[in-house]
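Look for subunit A in each of the two complexes below; its partner is subunit B in the first and subunit C in the second.
Let's turn to the complex of A and B:
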């Protein structure tokens, strides 16, 4: 009876894994057949397919879109029969997958010379514990965007003090001088970095500079009071797209919608914090290709050929032109068409100050901890010191529990 | 001979029909013109102190309303007559309610004679008296069809005025620049009425100081919403730009082994989601194997999923604002239709 039960359970597990995988890379496929999971928009994948058809014609590459890519990888990443060979995703999960043991370092798979032209910020992002785990393709950062019909050229703020003055003069009658997702960790991080602080350091220490974080929270509160209490992405996005907010800090993904909505869009450098002389420094997300261990060991030549093709500046140019992506390869910005793209160039400029999202596993808990801290301070009006102490204690508890 | 007569008669008939055909083609335009020229009669009301911005709600005994929505048409003050306001209503009106202070104060229903000017005196209570006798010797201004103009203006403008005229003859709607002072309404819009014959306007701020004004704006004779930006450029719309987009219904048919189907919907490429978290909202089972759900009208992308989000369609691009029917054959195959299959 027990044996029957075991067989039944094993069968059930196999069926579940098969369902997760769809088409997989793994041992069943040929050595020149590569399956790549992704969660990207069609324009990005089309550009990659068109480019690879020319650059690596002998490879049989299948792109497979996964809505919950990271969850699926956690389930089947160690199973060559269900896992892909490679996947395209942001760099911030590298630590999780490296610790799971499913990622292959790419140092031995790509020529070191091919990495020389990558923007340093993108290589920093792709490195975990001194090992490179991702070939960066392009990156995203938040940008300071404004409606040129409301925020006139002489009003675009160079400093946060000027931004505050603008907000005070231009908020009322159902409209806002500036809006952002003020109580979301991803957006608030720019303000914390502008005060020299950080949410977590590379060793996994939460809020390593407590004073900087508390100063940022106290200063940011003046701006929060001039913004809607509702901090959801949909609210902020809608206010800006409907012309009810003059300026915002948002991602490049907002740009096509803003242009479609008839917004005369301007993009400006991030304002500098008067007190520190440092700019608001948003997180950056570096999108790149990751190699799973099985593929690195069993399809080595195919993987090397693919990575060599993707390290070429030509694909970065294609992605920039097709989808407004900011290429990781610095040489792409010399292309005349890319040089004319205001949005791409703005992200290139922001790359100088942007902070790569931490890619260590401990960051997973900090999103929630920081979100709660922001809610307490910005939305519930709680004392900054007490809220910070509670958040720090919670972070330490959760990180200890992870170990 | 018979044949010749027949041909002759046919020709005469055709010639007779030609003007009728031409008339038939003109008929809708005439009807529209007639509709424009509905007989209007004046209702004059004397309201007590404290009744600000009086409006008139009016209807016929058969329930036909004269105006679209409560509190009805804003009444105009009669020049030089304190507390006296007038408003024109279609001649079919047999009942009115005078109200004020954004509809928070009102009379009971007041019966009036259809097609006749009515004079109403509103007491401090909700009662009112109506009479055929004039309350003043001042002449009621002639009926002029008016349109509403709504203006959304820079925050630095503390007051907003509207200048209107007919081009090219140069007839002005108001006596002196900067014209009608607009009143602040909900959601930051300023509103006022101008004669429908005006085809040019200028919106100005702070009494027109420092050249705070738009250029000459050409308009159609319809209610309009003008947004004036800080750079003094403008957009004119003939539908309320703030009007919420209505929800639409998504119908879906899914394979038998797709349990508890859900809908995930968003606006691409900005990524605004209709629901808080994956897998979205559960669909409701209807007759005939269909499931339905209401989604915001602005979404343009949909995923139908089931089994707690473990099985799903690919991203389905859909037309915003349209009711749609999705037939899911399997995870890779789904058909979208805009009419019930």
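Let's turn to the complex of A and C:
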């Protein structure tokens, strides 16, 4: 009896291991069956499903949520039996996947006329080495948000100088005039761009304008000293949501919780840097659909039909109404309901100044390098020049170690 | 003779599935990592990688710079301190649990096992936001009540080291207490009775009976804990070095250092070489410790 049980248990374990292989899109499905991986919230996927059921009824589309989508794609991206046919993700990994050789250019899969109405910023973001790899659906960018209970609309700072004065007058005794994730690259990039600098250029050169980055760091430090020592999302978010901070720079994902917390939320244009006359220009993330090579070659018609449906402004409107996304298609903003949405319109306005996150593979290491630089200057009080030199050396080492 | 061979074959056959699983889950990843470390597998050669010999190992030696050496020293100090406190505290608590006629013994044991029952990730983040956070943390609320200035507990190297050690202790103590408790219960009471008749005090009984008796029992647990602590990543990374939530502390263990200086490059060949070097370092420590243990016997 015991022997039988042992054999059964051993077989069960082996079967469990074998089952780990799973089955996904690619050659596991028919030519009109498409599997799409994503990491989006339910409202976005529901809007997509509802729309596609009407717009492309003959396609059998399955959406699969993956929490570590990029890692999974790195493992199985070239295995048609395990990989999806398409995936929805931000544009900043395009370079990595294109270099890995799993992404298909979408130029031949979507009508050029359908792309004419896309916001130029979104197409720039979706292009890597002059090739378009993503059909943009919507984009996100940081916004200047304020609590109207404490910061009156007519006292919203138009310039960083005004913001600093406001912070000096309203910070202390457990309250803050303004908070942001000051020592993380994604947030501080806006300040670097405001001084004409950048974290990395399109050729993979880190900090191409050293002077601009150092000036931005030195100027930003004045603001950091009036903010809490913690730079992480939860602290900053909670301070704003609990009414302990009058204003913040945050993403659209903060809006539902701010409204839930009963905050009378105001959204304003990004302040302009007095010294340069340029606004704080945050990064933008363009969410769109990417096609894997196997699907592009073996399910061409189905993929073309899907992309044609998703290039239509109607899906952009649905997404904007369902979850406050800012559509990539310019025509969506003509819709009366979208036109009335303050949040979506604010993002549309910020799109004019926002800088798409670099999509080159080298950017992967620059998040850490820039985070270290900001931490050294803002939190450890280290010298700006020495910290910058160390960061530049680390960036060069890591970039060369990528190859 | 024939039946002996048959018995040997049978024992291998019955342990075969387990050996296969161990091979798949432990040995195969190590061998595969060693293989990848000899290739140029990176973003630019993800699926078409080729063997490049020891190139990655030569490059990896550049990561072992002064930063790595200070991380290695910090890791050794961190491991030694953690082990010392774990052994002392676990011994004291296990001894208290073994007091004769102790009431609610099972309740205390259950409570002491709580940290083990919680996922480490959750525990660490709870400590970070609930205890150490400068705005909302318990420590600063106490400081405020005492009229003292709020502190950034995770910002400097020394205070971050102490905070990380406390969290690591909290996470690791249940295992050591359980082993120590079991070891103490295995000691024959008659030794203590004889020692009492000979007039030995508590310290003498502990030194001459308890410690020698529990030493061989807790030795494997100590070895396991040394290596878990040595290759600790979660506690230090999540408390002080997490991307987007860095605190300003420069305290690194070898793994957090290697992560920041190699693993983020997406160069699997290069990262694998570093992993193998760290693995060899750990094996060398392990062999040295085990040889010493055997020598002591």
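Note that the second predicted complex is superposed on the first by the 380 of 403 C-alpha atoms of A that agree within 3 Å, B and C clash if a C-alpha of one lies under 4 Å from a C-alpha of the other, contacts with A are read in each partner's own complex, and residues count from 1 in each chain.
Basically, a residue touches a chain if its C-beta (ideal position, glycine included) is under 8 Å from a C-beta of that chain, and two chains touch if they have at least 3 such contacts.
What you see is a predicted model; the values in this text were computed from it and never measured.
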{"item": "Touching partner for A:32 - first (subunit B), second (subunit C), both, neither", "value": "neither"}
{"item": "Subunit B versus subunit C as contact partner of A:368, first or second or both or neither", "value": "second"}
{"item": "Touched partner set for A:152, first subunit B, second subunit C, both or neither", "value": "first"}
{"item": "A:256 touches, of subunit B and subunit C: first, second, both or neither?", "value": "first"}
{"item": "Which of subunit B and subunit C A:233 touches, first, second, both or neither", "value": "both"}
{"item": "Which superposed partner A:274 touches (first subunit B, second subunit C, both, neither)", "value": "neither"}
{"item": "First (subunit B), second (subunit C), both or neither touched by A:64", "value": "neither"}
{"item": "Chain touching more of subunit A, residue-wise (subunit B, subunit C)", "value": "C"}
{"item": "Contacts of A:96 with subunit B and subunit C, given as first, second, both or neither", "value": "second"}
{"item": "Contacts of A:175 with subunit B and subunit C, given as first, second, both or neither", "value": "first"}
{"item": "Footprint overlap on subunit A, comparing subunit B with subunit C", "value": "233-234, 238"}
{"item": "Subunit C contact footprint on subunit A (complex, rising order)", "value": "6, 10, 13-14, 17, 74, 77-78, 96, 99-102, 181, 183-184, 186, 228-235, 238-239, 361, 364-365, 367-368, 371-372, 375-376, 378-380, 394, 397-398, 401-403"}
{"item": "Subunit A partner contacts - residues on subunit C that touch it in the complex", "value": "14, 17-18, 20-21, 24, 42-44, 46-48, 59, 62, 129, 133-136, 152, 155, 242-248, 250, 260-262, 264-267, 270"}
{"item": "Subunit A contact footprint on subunit B (complex, rising order)", "value": "154-156, 184, 187-188, 227, 229-231, 233, 235, 241-242, 267-273, 278, 303, 309-312, 314-315"}
{"item": "Contact footprint of subunit B on subunit A as seen in their complex", "value": "19-20, 41-42, 65, 67-68, 148-152, 169-175, 233-234, 237-238, 241-243, 253-254, 256-257, 262"}
